[in-house]
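The following pair of complexes shares a single chain, chain A, combined with chain B in the former and chain C in the latter.
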Partner chain A sequence: MADTAILAAQTPAAKARPAGTALEARLAELDLPKGGFTAAARTDAAARLNAMGLPGKRDEYWRYTDPAAFNDPVAQPLAFTSRQSTLFDDIEQLKLVFVDGRFDAAASDALEGEGLEVSTLAAADASGDHWASDLYGKLETAGQNPVKRPFAVLNTLAANDGVLIRVTGKVSRPVHILYRREAEDADVIIRHVIRLEEGSELTLLETGGIAARSNVAIEVEVNKEARFHHIASKRADDAKIGIAHIFARVGEGALFKSFTLSVNGSMMRNEGVIEILGDDAVAHIAAAVLGDGTEGRFHHDDTVFITHAAERCESRQVFKKVLKNGADGIFQGKILVKPGAQKTDGYQISQGLLLDEGSQFLAKPELEIYADDVKCSHGSTTGALDETAMFYLRSRGVPKEQAVVLLVLSFLADALEEIEDDRLRGDILTRLDEWLTSRASA
Partner chain B sequence: MAVEISDEIEVREGVDRETVETVQNMGSYKYGWDTEIEMEYAPKGVNEDIVRLISAKNEEPEWMTEWRLQAFRRWQTMTEPKWAMLNYPEIDYQDQYYYARPKSMEVKPKSLDEVDPKLLATYEKLGIPLKEQMLLAGVEGADETPAEARKVAVDAVFDSVSVGTTFKDELAKAGVIFCSISEAIREHPELVKKYLGSVVPQSDNFFATLNSAVFSDGSFVYIPPGTRCPMELSTYFRINAENTGQFERTLIIADKGSYVSYLEGCTAPKRDVAQLHAAVVEIVILEDAEVKYSTVQNWFPGDEEGKGGIYNFVTKRADCREARAKVMWTQVETGSAITWKYPSCILRGEESQGEFYSIAIANNMQQADTGTKMIHLGKNTRSRIVSKGISAGKAQNTYRGLVSMHPKATNSRNYTQCDSLLIGDQCGAHTVPYIEVKNTSSRVEHEATTSKVDDDQLFYCRARGMDEEEAVALVVNGFCREVLQALPMEFAMEAQSLVAISLEGSVG
Partner chain C sequence: MLNIKNLHVKLEDEDKQILKGVDLTVPAGEVHAIMGPNGSGKSTLSYVLSGRDGYEVTEGEASLYDHDLLDMEPEERAAAGLFLAFQYPVEIPGVGNLTFLRTAVNAQRKARGEEELSSGEFLKVVREKAKALQIDAEMLKRPVNVGFSGGEKKRNEILQMAMLEPKMCILDETDSGLDVDAMRLVAEGVNALRSPERSFLVITHYQRLLNHIKPDVVHIMSNGRIIKTGGPELALEVEKNGYGDLLAEVG
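And now, the complex of A and B:
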C-alpha cells in the first residue's frame, strides 16, 4: 500500500482515458503500423491479444509486480535530464542511435559491417519481403506457451522501429544500440530481430535511457555453433517505466549469453524466454541490479523461463539484487526440462542483499523436470551485509562507506563473471563502482 | 567412536533386512481390502439438509449447526482451486456420500460380544493389538483393565464416525482431553467455540470451507498448562464405504508450557472409483508449548493405470500464537492418487519455531503437489524445511512452498532444502518455492536439487549381491534419512518399509 501511495504522490495526474476496456484504450492511444513484411504477424498478434487480454493484478505470473504501470496512460514524468550514455565509448563499435524510440541515422554509423546485414525495422517494413519475416513474431508466439506474455504480443502488434541484424561471420566489432530520451512523455515500442547463421558470432550492446515508458522486445535465433553475447546497461532515469522481453532460440552447439545491469528506473520488468533446441548448447542469463528507492519508487522484476528440449545442454541463471531505501527486487525463474532432454545441467541462483529496512526481495525460483538423467539445482538467499566481513574490513582501517562498496561489488561478482569480454566487464565494473561510491553516503 | 560406528551399521543392516523382506512379502497395497459391513448412509450429495443431518447425527448444539451452515453458504460461492500441478477429472460434489457409519454403531456396544465381529476383524487386520481392539470397537469399561501394551492412545475414525478412543481415563488423570471432535463439541463447547476455525477460518479455501460444512468426525486434543502428555496420541483414519468422502476435522490445543506428540495414519480399500478426502487440522500452540505432528499417509493410490484412489485435499495449519511456541510437522506421503497438502506454520509469537520434514513418494500414476508455508510474523522466529520428493513410474511430484518474512519479523531465520529424485524417464519432479523477505535482519536460505538415483551407488549395491529393487530401496532410504530420523519410533520403521513398497515395480 505504501508503495502505491508514494507513486501516487510523486506522479502528477495521468491523462484522462476514454471508456472501454483497458486493452481497447491502450490500442486507441497507439499509432499502429500497417506493416509490410510484418503485416501477417501483426494481424495475428492483434487476434491473439484480443483473445488473451492484458494481465491483471491477480495473474499468478504477475504476483509480485502490478502490470497496471505498463498499461495505464503514461503519467507526466518527473523532471529528467537527457544524458547520453558514455558507457563503452572507448570500444570500437557499430553505433546505432535511437532517440525516443526512433532510429536516428545522422547520429548512427553506416548500416554495414563485415559479416553483417543490418537494417531498421521502420525502413525494412516498407517492403513485403525480408529475411526477418521468418522470425518476426514467431519466437514471441512460441514463447507464449505455457505462460501468456501479453505485453510481448502488444510489441509484435505495435512495434514502430528497431534493428534487424543478420550475422554471417565472426563479427569482432560489437553492435551498440544506444538509446536516448528527449521527449518528456514518449511511450515507445521497439522490436529488434537478430539471426546468427551457423558458426557466426556477435556481441550486442544496449545502453541508455529509452523513454518515459518503453516496451522493448528482442527475438534472437542462434543457429548451430553460433555465439551470441548480449550486454545491456539500463541506467535509466529515475521515473522510467520499462518492460523488456528477450526471446531466444538456441541451436546445436550454440552459445547464448545475456547480462543486464540495471540501476534505477521506477518500474521495470525484464523477461527472458530461452528455448534450447539443439544438443550441446549453452545458455546463460544474468543480471546485476542496484536499487535505491530514495528518488521515487524502485521496483525491478526479472522473470526468466528456460526450456531444455535437447540433450547435454547447460543453462545458468545468475541474478543478484542490491536493494536500499524501500526498493523492491523480484526474481521469478524457471527451468523446464522436457521429456528426453537427458544430461541437462541446469543451475539457478538468485540472491538479494538488503541494505536497510523497508526494502524487500521476493523470489519464486521454479524447477519443472520431466527427464531423469539431469542435474538441476537452484539456490536463493536473502539477507543483510555479512557483519563478519564488515568487521574485518573496518578493523583494517577501511572506511565504512568504502567497505560497503567493496562488499556489494563482491556480492555482484558472480553475475559480472558472466560477461566474457574483459574490456566490457571492466567498463561495467567501473560504472558500478562510480555509482556506488557516489551514493555511498546516501 | 568405534562403538558408534558399529551401532550405525547394525541399524542399517536392520533397515536393509526389513526393507528387503517387505518388498518380497507384500503386495503393492497392503490395506486394499474392504469390510463388508452394514452401513447407514445419508442421501447422496450435499445441501443444507445434509449439513443439518450430519449436525443432528452428531447431536450438536444449535450454534454448531449454524456455524456449519454459514460455511456451506460460503462454499457455494467458491470455486475449486486449479493452480496446483495436478490433473484429474472434474469432481462431482453431488455424487458423493457425505455421511456413512456402520449400522452397529447406532447403539454403542456394551461388551466385546456385542461388537459387530466384522468391525472387530477390520482392526485386527489393520494390525491394531487386541487390547486396543477391544477399546476401538467401542466397548465401554474395557479401558479400566490395566494396559501393559505400548502406550499410544488411539482415536479411530471409520468412515464418518469415531468408533472409539483408548486410554481416556489415564489421559484424564493428567488433565489431557483426547476424544472425538463430535464428543468435544458436546462436552467441551467452551474450548471448541474458542478455537475451532481460529487457525483455519471457514473462508480459508474451497476444500477447508467444504470441510467446515460437512465434517463428520475427527479428533480433539487439549493439553493443559505445564503438562507433558504421558503418551503419544494417535488417530487412525479408515475409509471403507464406497463413493464416500471423508471429511475429518482435528483440533489440537497445547496450552502454555505443554507438550504432545501426535500421530496420524490412514488407509482405504482398493476401489475403481476415486474417492474424496478433504480434511482440516488446526493446531493452536501457546507460550512455551510444543507439538509434534507426524503423518503417515497411505491412502489407496489407485492402480497402475491410475484407476481409483483417494483424492486427498488437506488443509493443515499450526498457529504458534505465543512466545517460544514450537511445532514440528513430519509427513510421509506415499498414498493417494492426488495429494494437495501444505501443512503450514504461522510463527506469530516471538522466538517461535516451525519445522517441516516431508517425504513425498509418487509412483505409477500418482500426482502429489505438497509442501509447506512458513509465515514469520514475530521477532527472532526460526523455521526449517526439509523436503524429499521421489517420483517413479509416470508420477508427477511437486514441492510448493512459501517462506515469508514480514517487516516486523526481525532477526528471523529460515533454511529450506528440497531435493527431488527421479526414477525412470516417464515421471516428473517440480519445485515451486515462493520466498518473500521484507526485512533486512532476517536470513533466508533456499536450496533445491533434482537428480536421479546415483549410478555409482546402485553399482556398489549391485556388486555386493543386491538385486536392483533392493538397491534402489536402500539408496532411496538413504536419500530420505533426514526426514526418517525426525519421525517418532513407531512410525520410523513403518515409514521405511513404506518407502520400499511404494517404489515397487518402478525399476526395470
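And now, the complex of A and C:
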C-alpha cells in the first residue's frame, strides 16, 4: 500500500487509470486516418503503440520531463497572443502554409520547383502508391531501438497531413513550412517525409505557431553526397505544448544539419534521432533555447541519439539554453559508435545559462563506443552570467540590460554558428536581438 | 578633473581593508602615474573608481568634475567620461568587435542626450582610428578579444578609448604582457589622445612604460595609501633602488 501511495504521488497523470486505458482514452479523441500508401505503416504503428503504451515518469527517458501534457486525451485550449511569423519573409522561398495542422493550398505557393517533387500527405495518402511509402514510418520504426519513442509511433498512426518532398537536384530556394493557428484548441499531428536523392541539396525552414498542442515528426533520408539543412524557429506562444521528432538517415559523404530556435512555450520536447550509415558523412544538430518562466511554466527538453555505423564520420551536438524565472532546461544526448565505425569524430556540448537562482538545467550526456579508433568528446556546463564580462561591457557605457543581451547572444553564438547560410543566420540573430532587447527589463 | 579624498575601501565579502585613505587629484590635461609593489591597492583603486562589484567604500569620496562617482552605476561613470583600460581585457565570443564598439559609443551618446552615430559615420571614424593603431579590418570583425594576442588586446583597449573619447583614462598595468614594440605602439596611441581636456592615471609596476608615456606627476602607493608624490624622477628612483628605500623612508 505504501508503495502505491508513493507511486501515485510521483506520477499524478498515471494514477487515474492504468496505462492501457490511458492509451485508449488518448486514441479515442483522435481522428485516425485509414491511409492509402500509409495504411500498412499505420496498422503496424497501432500494434506497436498498443504493445508500448504511453510513457510515464518512471521511464528512463522521461525522468526529467513529465509526459502528462502529451498523454492527456484533450489539449488545453491556448488563447492567441500571437501574430503571424515574419521570419525569413525576405528570402526567396517555396512557401507551404499549414493552418491548424492542415495544408492551405490557397495561402501556399504552387507545389512545384526545379529539382523538387512536392505533395501533401493528405492528398497523396488518397492513393495506394507513393515513393514516400519506402520511408513513412520506416525511419521512425528504426529509431525505436533501443529507446522507445511512443509519441513518434502515435504520429505514424495518426498524422493527418504534412509534406512529402523528394529532392532530385540542388535546390537553392528554401522550402518554408509556415504554421498558422486559427482554433484555440487545435491539437495537431503532422508528418513530413523528405528524401534527398544522390547529390541533391535542400534547406527546409519551419516557423510559426502550430497549435495549442502539436506533435510533429520529420523523416528525412539524406542519400549519398546530398546536403540537408533544417532550420526551425519556435517562438513565444507558438507552441505551448509541443513534441517534435526528426528521424534522419545519413548516407555516404552526405551532410545533415538541423538547428532549432525555441523562444518560450511551456512544455516542449524535441527529439533528434540520427543514424549515420554511409562513410565520410557529417551530421550536426543544434539548438538555442530561451526560456522565461514568468508567463507560466517553461520546460524544454532536447533528447538526441546519434548512431555512428560507418567510418570517418563526424557528428556534432550543440545545445545552449538560457533560463530565467523558474525555467527548466533538459538535455539528454547520446552518441553510439557501433563496431567498425572507425575514425568517428563525435562531439557534444550542452550548456545552461541561468539568469537567476530559480531556474535549472539538467544534462545527461551519454557515450557508448564499440570501436577502438575514435575521437568522442562531450562537455556540459551550467552557470550564471560572467561577472567580469558584465563589468567590462558596463565599464564601456553599455547599460546593464543591454550588456545582458550581448552576453546572452555571446552564449548562444556557438549554436547559431551551426546555421551555415549567412542570411538565415542573420535573420535569426536579428529576431533574437529584438526579442531580447524588447524584454531586457523583464 | 579627478578628485579623490580620504578613500577607504574594503572587500565586500571579507573583513579586509584594501584602501586606507587615498588622497589624489588629477587636474585636466595631466598624466599621473601610480607605482607601487604588488598588493598595494593600485588595481583596487581603478576598480572602485569604475564601479566594479565586490568592494565597499567605508569612508571618503571620489568625483569626476561635478559627478559623484561612487553613487553611479559603471555605465553612468563611463558616460560621465571615465574609462578603464583593463589589465586583462575580457574575451566575448560571438559578439563582433565592431558591434561592441558601436553599442558602447551609442549607449554613451544616448546617455548624454546626444544623437547616435549612423552606421556610416561610425565606420568612417572607427576605420581611421583603427588604422593609427595598426588594427586591421579583420580584427575589427572578429569577436571581442577572442584569439587576440596580448598586444592586440591592449591595442583594442586603446581603440575603445579613442572611440569613446573619455575625459579621464585609467590604464591598469597596460604594459603587462607586452613586448617592446607592442608597448611603443600602445604608448603612441595613448600619447595621440593626450589633450588639455583629458587626464590620465597610469598604473604600472615598472618605469619602462613611463619612458613612452611621460607623466607629469608620479605617486607611490603602498599598503592602501599614497606614500609619496613627485615628478618623473621619482619613477627613475624606483627603477634604480626598488621600493625598499621609499617604504623605509616613510616608515
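To be clear about the criterion, the second predicted complex is superposed on the first by the 412 of 442 C-alpha atoms of A that agree within 3 Å, B and C clash if a C-alpha of one lies under 4 Å from a C-alpha of the other, contacts with A are read in each partner's own complex, and residues count from 1 in each chain.
Rule of thumb we're sticking to: a contact is a pair of C-beta atoms (placed from the backbone, for glycine too) under 8 Å apart; a residue touches a chain by one contact, two chains touch by 3 or more.
It should be emphasised that the depicted structure is a prediction, and the values quoted were computed from it without experimental measurement.
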{"item": "Chain A residues touched by each partner, larger count belonging to chain B or chain C", "value": "B"}
{"item": "Which of chain B and chain C A:Ala363 touches, first, second, both or neither", "value": "first"}
{"item": "Which of chain B and chain C A:Pro339 touches, first, second, both or neither", "value": "first"}
{"item": "Which superposed partner A:Phe391 touches (first chain B, second chain C, both, neither)", "value": "second"}
{"item": "First, second, both or neither for A:Ala123, with chain B first and chain C second", "value": "neither"}
{"item": "Which superposed partner A:Leu412 touches (first chain B, second chain C, both, neither)", "value": "second"}
{"item": "First (chain B), second (chain C), both or neither touched by A:Cys376", "value": "first"}
{"item": "Touching partner for A:Gly352 - first (chain B), second (chain C), both, neither", "value": "first"}
{"item": "Touched partner set for A:Ala25, first chain B, second chain C, both or neither", "value": "neither"}
{"item": "List of chain A residues in touch with chain C within their complex", "value": "386-389, 391-400, 402-403, 406-407, 409-414, 416-417"}
{"item": "List of chain B residues in touch with chain A within their complex", "value": "83, 85, 405, 407, 420, 422-452"}
{"item": "In the complex, chain A residues that touch chain B", "value": "60, 63, 339-340, 342, 352, 354-384"}
{"item": "Chain A contact footprint on chain C (complex, rising order)", "value": "50-53, 73-75, 77-79, 83-84, 86, 89-90, 92-95, 100, 103-105, 107-108, 111, 143, 160, 164"}
